[in-house]
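Scrolling down, you'll hit the structures one after another.
Consider the two complexes below, in which chain A is the common component and chain B and chain C are the respective partners.
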Partner chain A sequence: MAPVSLRSVTKAYGAFEVIHGIDLEIEDGAFVVLVGPSGCGKSTLLRMIAGLETISGGEVVIDGDVMNDVPPKHRDIAMVFQNYALYPHMTVAQNMGFSLRLAKMPQAEAAEKIRASASILGLTDLLDRYPRQLSGGQRQRVAMGRAIVRNPKVFLFDEPLSNLDAALRMQMRVEIAELHQKLGTTMIYVTHDQVEAMTLATKIAVVNKGTLEQVATPVRLYERPQNLFVARFIGSPQMNILPARLAGAAEARLADGSAIALRQPVTLGEGSPLSVGIRPEALLLSADGPLGGRVTLTEHLGGLTLIHIVLSDGTPVVLQAVGAPTVAMGDVVRLSIDPAGLHLFDPDGRRIAAPGER
Partner chain B sequence: MTTLPSVGRLADSRRSKRLTQRSRAERWAPLLFLLPAAFTLLTVSVYPVIDGLRLSLRNTMLSTQEDAFVGLSNYVRLTADPDFWSAWRHTMLFTAASTLLETVLGMAMAIVLYETFKGRGWVRAAMLVPWAIPTVVTSKMFGWLFDGQHGVVNWLLMQTGLIDGYVNWYGDSQTALLTIIIADVWKTTPFMALLLLAGLQTVPHSLVEAARIDGAGPWQCFWSIRLPLLFTTLLIAGMFRALDAFRIFDLVYVLTGGGPADSTEVLSTLSYKVLFSGLDFGYGSALSAAMFITEALIALGFGLFIVRRMRRDNG
Partner chain C sequence: MLSSWRAQLLITRIALYIASALIVVWSVAPFLWQVSTSFQEDRLLSSPTPSFLPWPGTLDHFYNIFVEKQFHLYIINSAIVAGLTTLFCLAIGGGAAFALARLRVYYHFGILALILSVSMFPQIAIVAPLYLAASSLGLMNTYTILVIIYLSLGLPLVIWVLFGYFQTIPREIDEAAIIDGAGPLRLLVSVILPMSLPGFVTTGLLAFIMAWNEFMFALAFTSGVERQTIPVGIANFTNLYYVPWGDLAAASVVVTLPLVLLVLAFQRWIIQGLTQGAVKE
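Up next, the complex of A and B:
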């Protein structure tokens, strides 16, 4: 158990910089998820914490010690790889015990630790099997077993669930969350799947093009995205973004002239462009709503329904309704907006804070 | 309505006729395509082996025009022939020493070449040069290098004080075979290294990274991860190398001609001499058959080991 700090960490390959000075404080026992689109540098960042990539600038600090020049084996970390990286010529027990063997732990003690970890993960009956004899989910568990058997200061996960099918992914997600509660160890988890990030994290760091866009709790990230990138990236289906202009102190007007009442006066100049973000669940079907559009598609998900609508100014939006409202393709509808799901962004894409927001 | 079923049946039978025609063609086409290769192998590989075995049971001698069936008497002569056993021992010694050295050194070279460094591509390409040089040229080169009076090896060893007087490397029965082994190792190690390098590259990098995080240093990464995963490749490469080394001819023939005092005589040079200098085709064929059998046993030994290994890896 240990806190981890990144202090203006950079990574460059030759003259090409891919990580541009990241600062991140990870408290002891936190579950931090680094999330971002593929190629954003999140995996590189994790590998720098692991010691598998050199650090071009700044400092990586684990439990108060600067780790820049410390090899991985002395960082007291464990890592779960995307492809599991199980040693194919070793049994499950040998895979889990490899680090203990290298640490020259007495055999009886190591066997006891392996047994304990195996029982946490339900691997007890598989200890004598080889990785090739296991299913994807079982391999995933062995990879986690190999990590927890050492009782490291920090766990690192590099997209550990992306090779599993949807049902298994959900199950393993729950297991990882339970594991974190049980062990209380600091965990750093990389994924491109914002659902994984939202469900697992105590704190999410949104990474984009080698910089941090926002670091916050999942709920805060969802309710107060600091910029358009985060607003679009977090939440499924995506937040609807409508281009608009400021008309009067507290009214935004879309291209077709329909007006949206704002919760607060905005101190941009009259006529200044801004983006209005509306969460799909904050769009409501109502006969006297300010927005008008035509239904192009409905998707029934059971408890929820997604209604795809093209607004009269041509912007496509998605509305998420509870149950199965009776609308059909081609219907002309009117929409109102729940102010709680309404977000404003200035021309640079930065959030315009609502009253009372910090 | 009543005609429909019969129309259907007619179409069915037509279709099945077409199907049998097609399936017949499908059955014969692969065999037809294999024919040229099978014919070539039969004429250049199977026939000579069988004819060699046939000759080994006769006393065919070109100089005296003798040619009669003599049963196993050539083989009886073989078992009591000190020249044969001496050549057999030299061949086995050469095979074992060169294969072992080439595998160990090749492995070391492969590990070095696996790492990224400036100019790696050039080094990898340059490595193939010794292998690409014709063996006869290699033999001549080593002939000059190890020359007893003017050789650079003697000069260097003298300069560094490792020897007191010039050594007659391939003229002395104590060192002649060693010289040949050194020449073969120089020539073939890089090829072995490239084979093993290809094997190394199939070991996923993430396994080595996982081992590093598990606390393994470079040495442990090699012993516990890379080497076990490379073992099957190592065995296969070793087998090919051993079978190749067993047939050693050109290096010996050019460098020492089998001498001095038959100290470097190997089975290939011995059977060549018996066959084409002595024109004793009967006995020479028996020698070749003995080579064939020894080589088959070596291949069988390696093969059993490899199959067991593969079965364990995939089972």
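Up next, the complex of A and C:
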């Protein structure tokens, strides 16, 4: 168990910089998820913490020690890979015990540790099997077992669930969360799946193009996205973003002239462009709402219904309703907005804070 | 209609069987004839109409080669030379291929091309210089010089095949082992080698067969039964006045047997090794 700090960490391949100075404090025992679109540099960042990539600038600190020049095996970390990376010629027990064998731990002690880790993960009956004889979920569990058997200071996960099918992914997600509660070890987890990020993390770091967009708890990230990128990236379905202009002190006007009342006066200047973000669940069907549109598609998810609507200015939006409201394709509807799910962004994409918001 | 496509299917199938049979006959027939020859009496071998069946059979030729011509000494020489060649080929080639495929080696494709180009020299062109080098180093008529030469002939193939094989092993396996605390040597021995066993078996067999059958260098660099290998030994059977066809055939059968047995024993790995990487698993 240990805190991890990244201090203006950069990574460059020759003259081409891919990570542009990232600062991140990860508290002891935290579960931090690095999330972002593919190619944003999140995996590179994780591999730099692991020691699999060199660090071009800045410092990676684990438990108070600068790790820049320390080889992976002395960093006291364990890593779980997307494709499991199990040793195919070794049994489950040998896979889990490989690091202990290399560390020359006495056999009896190693066997005890393997047994203990296996029972945490429900692998006790599989210890003599080979990876090819296991299902995808079991393999992933072995990969985690290989990590926890060493009792490292930090766990690193590199998209560990991407190779699993949907049902298994959900089950393993729960298991990883339980594992974190049981062990209390610092975990750093990379994914491009914002649902995984939201459900697992104590803290999410949104990475985009080699920089941190925002670091916050899942709920705060959802309720107060600091910029348009985070607003679009976090939440499913995506936040609806409507281009608008400021008309008067506390009113935004869409291209077709419909007006949206704002909760606070905005000091941008009359006629200034701004983006109005509305969470799908904050859009409400109501006969006297300020926005008008036509239903193009409804998706019934059981408890929820997604209604796709094209507003009269041509912007497509998604409305998420509880239950199954009776609207059909082609219906003309009016929409109102729940102010709690309304977000404003200035022309540079930065959040305009609501009153009383820090 | 129905019967016409059935007939077509049948014809296709029969054609396939005939073609396969032809290929088998084409490749196996000379060997079978050799086997038959090795059991025939000299009288039959020199008769105007050749006979395909060894009847009446005789073991005279086998008796001749082992008792009178000390053929087992040649076999021992060949086994030592081919065995050592294979061992060193795999050890050195495995290490080199691993370094080229997995470690940070600059210009590794250039190095690979260089290795390949070395094997393109016509062998006859390097016999004379090697002969001079060997004699001034006092290595004439030793196992050492044969192993050194066969090693240089075999290594390009071994390195190229193993390089390709190592490339197919996911990098994450290396990285997992590195995080588990493995250094390069441990990674090679405990992880990469067991995972590439088919590649090692295939290339090892090819290196063994190459050294086992090589004639020209063995002829040039060895003299006398205490160091000469099988192909040279067989060539020694013939003298100015007489070609002992039966003995030659018997010797050929005897030396082919170990190769056939080796291939059969490792069949499973060889097929895996030769087709591996052709399709995505």
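Some points to look at:
One rule holds in what follows: the second predicted complex is superposed on the first by the 358 of 358 C-alpha atoms of A that agree within 3 Å, B and C clash if a C-alpha of one lies under 4 Å from a C-alpha of the other, contacts with A are read in each partner's own complex, and residues count from 1 in each chain.
Methods note: a contact is a pair of C-beta atoms (placed from the backbone, for glycine too) under 8 Å apart; a residue touches a chain by one contact, two chains touch by 3 or more.
Predicted model, so just to flag it, every value in this text is computed and none were measured.
Once both complexes are superposed on chain A, the partners chain B and chain C clash. After overlaying the two complexes on the shared chain, residue contacts for A:P88 are found with chain B and with chain C alike.
In the superposition on chain A, contact is made by A:L52 with both chain B and chain C.
In the superposition on chain A, A:M79 makes contact with both chain B and chain C.
In the overlay built on the shared chain, the residue A:F98 is in contact with chain B and with chain C. Chain A residues in contact with chain B (one complex) as well as with chain C (other complex) are 50-52, 72-73, 77-79, 81, 83, 85-89, 98-99, 102-103, 146. Every residue of chain B that touches chain A in the complex is listed here, in rising order: 204, 206-207, 209-217, 220, 224-225, 228-229, 313-314.
Taken together, the chain A residues at the contact with chain C in this complex read 50-52, 72-73, 77-79, 81-83, 85-89, 98-99, 102-103, 146.
Chain A contributes residues 50-52, 71-73, 77-79, 81, 83, 85-89, 98-99, 102-103, 132, 146, 150 to its touches with chain B in the complex. The part of chain C that touches chain A in the complex is made up of residues 170, 172-173, 175-182, 186, 190-191, 194-195.
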